[in-house]
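Let me begin by presenting the structure, written as structure tokens, before commenting on it.
Every chain is named by a letter (A, B and C) in the order it is written, and numbering of its residues begins at 1.
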Amino acid sequence: MKKKLLTMLSVLGTVGTLCACTSGQQPAGTDAPAAASADATADTAATDSDYEYIKGNGKLVIGITYYEPMNYKAEDGTLTGFDTEFAEAVCAKLGVTPEFQEIDWDMKETELKSRNIDCIWNGLTVTEDRRANMDFSKTYLINKQCVVINQENASTYTDTASLSGAMLSAESGSAGETAITSDANLSQASYTASNSQQDALIALNAGNYDAIVIDYTMALSSVGSGDFSNLVIVDGIELANEEYAIGFRTGSDMTASVNSIIDELIADGTLETIASHYDGLTDLYNAAVK
Amino acid sequence: MASEQYTQENALLEVKELTKSFGDTKVLRGISFSLEKGEVLAIIGSSGSGKTTLLRCLNFLETADGGQILVGGTPVFDAEDASLLLPKNIRKNRLTFGLVFQNFQLFPQYTVLQNLTLAAVLSAKQNNPQYKTDKKTVLEEIDNHALDLLKRIGLAEKKDNYPCELSGGQQQRVAIARALMLTPAILCFDEPTSALDPELTKEVLRVIRDLKENGNTMVVVTHEMDFARDVADKVIFMAGGVIEESGTPTEVFSSPKSPLLRSFLSQ
Amino acid sequence: MYLLLSSETNQAADFLSVTAKLAGGFKTTLLLFFLTLLFAIPFGLLFACISRMRFKPLRYLMRAFIYVIRGTPLLLQLMIVVYLPGIALQKPITKWEIFHQNVPLAYFCGALFAFSLNYACYFAEIFRGGIENIPKGQYEACEVLGMTKTQTFFRVILLQVIRNIIAPMSNEVVTLVKDTALARTVSVIEIFFTASEILRLQFIIWPLFYTGAFYLLFSALLTLLFGILEKKLSRYWK
């Protein structure tokens, strides 16, 4: 009952900000201007110490969407995930209670500025567009994209230049696809979108493609095992990476406080331990921290 | 007319020692009879006696295992003569016979007139050299022939109707006209009225009577004993694949000799 | 007032641009649909004829083949056509010379092949049923009128077969419209793939449901067409 009321209130809050915000109904995907116009609200919020505000509330409201492995419901119904455990560890040091609030991802900037939530902690990718509307903590994971090929082509395809005449694929709409289109060499190649990363792997295995670009974690877990034993990751190709960080209100003093706690958690190995609970995340953690 | 090319010296139809088996079952065990031009033969017998198979052998829907069929003294079927079994010879010889089915078997997608003309037009296209030079006349002749026949069976005004729009009796009359289109020497009927109720039966039998008066030679497999007595010149009673008894209607119906025939007639 | 107007035009533009994108995908859907029919109907007729042949080995082989195709998912057949040449024969479909390194063309042709084969088998069974339902007497009536087998089939039997199969064919054809969505799994950029792409890139879900309108509209058109055809043919039958 209490939870329902809370949700309703937050919805009301959202509607309120929406009305105040001139371009609140911008098409999704171009959310940058949506929040830019609401800067006024954010600035007034940041004049007082955000840190004191949150300490005073006794809780940190964390905006999330459910997705594995960051924030998701375990089989017994409890919320778990890398970001969940990470946030709990940070809040323990801050001396506040973490409160996880599910949000509409397209509305995340509005939610943040309206103080419905205090931060976005949900495998949030650092982009320049977003930097205009929020402050990022230090990067805690790096989701790399990598090129996977058949072993017999290992001597042919060694760098992006050698792949410029090849047949490439990636999951449609994925970071891998962006990596291909934004790379000077790879964008020259013949590209076909796949329905999923798995489909791309099967098609590569069948020789339908010469190379595919997929998540590093996905590649690590699949390449070299089972029927994909003849697939290899091409070493030394640097593609556009996705950096994950926590988003705070612009100018908030929370960013610095949380950054120093993250440093402590890295130093005492807590964060590494949390990463080890989830497949492949240790690699992303190492990429970010070491 | 096809029926006129045969001389009077021989019987128009002669069937000699016809045999036919389906697997181990002997359906026809040596059937012989003859029929003069203009005569009507009625074949009676209980079901399974082989009468329908006999009719189907005459029409080449079944191939007899042994025996001969002669029309006007000329063999059209001989189990010993393989050349007569060639498809092109069968196609030619089978037109000696016309067949009217128990269930009419009109073509549902064609009008009454088209049902009559279809086969004639297709045959003219293939065999009549005039079709290429003067298609219009050929088609007109076929149409006129069909209309004449429709007038004879009293259905001229139904020429543009589809079969499903006619009563069963009317459909069977159209089927008779369709069989007459190719002027067969002998017209065969396979229980032509057994799918009809009594009222409709009458109009079909009236047409068959009318054909007899016009001199058509006919073989009728029938259940209608009154009709057989009335119209037939000869009656054959079949049982177990043989002709158990034959003769004029008076002989067969009034003084049957075979006990099988007697019990059949008393049913 | 200005705010209201501007947000509405934004939404309208969004709706129009999504419609245009989906229509682009639907073009591929339609191409796959019509080409599948173009190949599956004659091949279905051929398969039906073979499965009725007197020569037993060929007849049973054909029937076994039809059984296998009808007994396995189309999705699996798609994957076999697109992946198996590369995995089992080392001849990846995208590298066949006839496709000139055109990957989308190779995938489309692969999908078309699987769809045509699958539907030819379904059609074959419908055709076979339609042919076998014609009374034997119709053939015999033609035979005693001296018509050849070819004349019998094309002049008398065919239209009756068409009438017999029109209802089951109508079902199957409408199913085909919806089945084309499976082609997305082998990278054929049809309407469903396009909608998923919009979801992945712009995080909007409604285009996915909006595809239903395209399918529904086209199915309605087909149902209407078959209805007219059926009505025309029923002119001759009771």
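FYI, a residue touches a chain if its C-beta (ideal position, glycine included) is under 8 Å from a C-beta of that chain, and two chains touch if they have at least 3 such contacts.
What you see is a predicted model, and the numbers here were worked out from it, not measured in a lab.
In terms of which chains touch, the assembly is arranged as an unbranched chain of neighbours.
Once CA atoms are averaged chain by chain and compared with the all-protein CA average, the nearest chain turns out to be C. Comparing the CA-atom centres of all chains against that of chain C, the greatest distance is found for B. Rounded to a whole number, the gap between the C-alpha centres of chain A and chain C is 41 angstrom.
One simple way to say how far apart two chains are is to compare their mean CA positions; for chain A and chain B this gives 88 Å.
Rounded to a whole number, the gap between the C-alpha centres of chain B and chain C is 48 angstrom. Looking at the complex, you find that chain C touches chain A at residues 3, 6-7, 10-11, 13-14, 79, 82-87, 90, 92-95, 101, 103-104, 106-107, 184-187, 189, 193, 196-197, 199-204. Per the touch definition, chain B reaches chain C in the complex via residues 59-61, 91, 94-95, 97-99, 101, 103, 105-109, 118-119, 122-123, 162, 164, 178-179, 182. If you check the complex, the residues on chain A that touch chain C are 22-29, 105-106, 167, 169, 171-174, 190, 192-195, 199, 202-203, 205-209.
Residues 135, 137-138, 140-148, 151, 155-156, 159-160, 163, 235-238 of chain C are the ones that touch chain B when the two sit in their complex.
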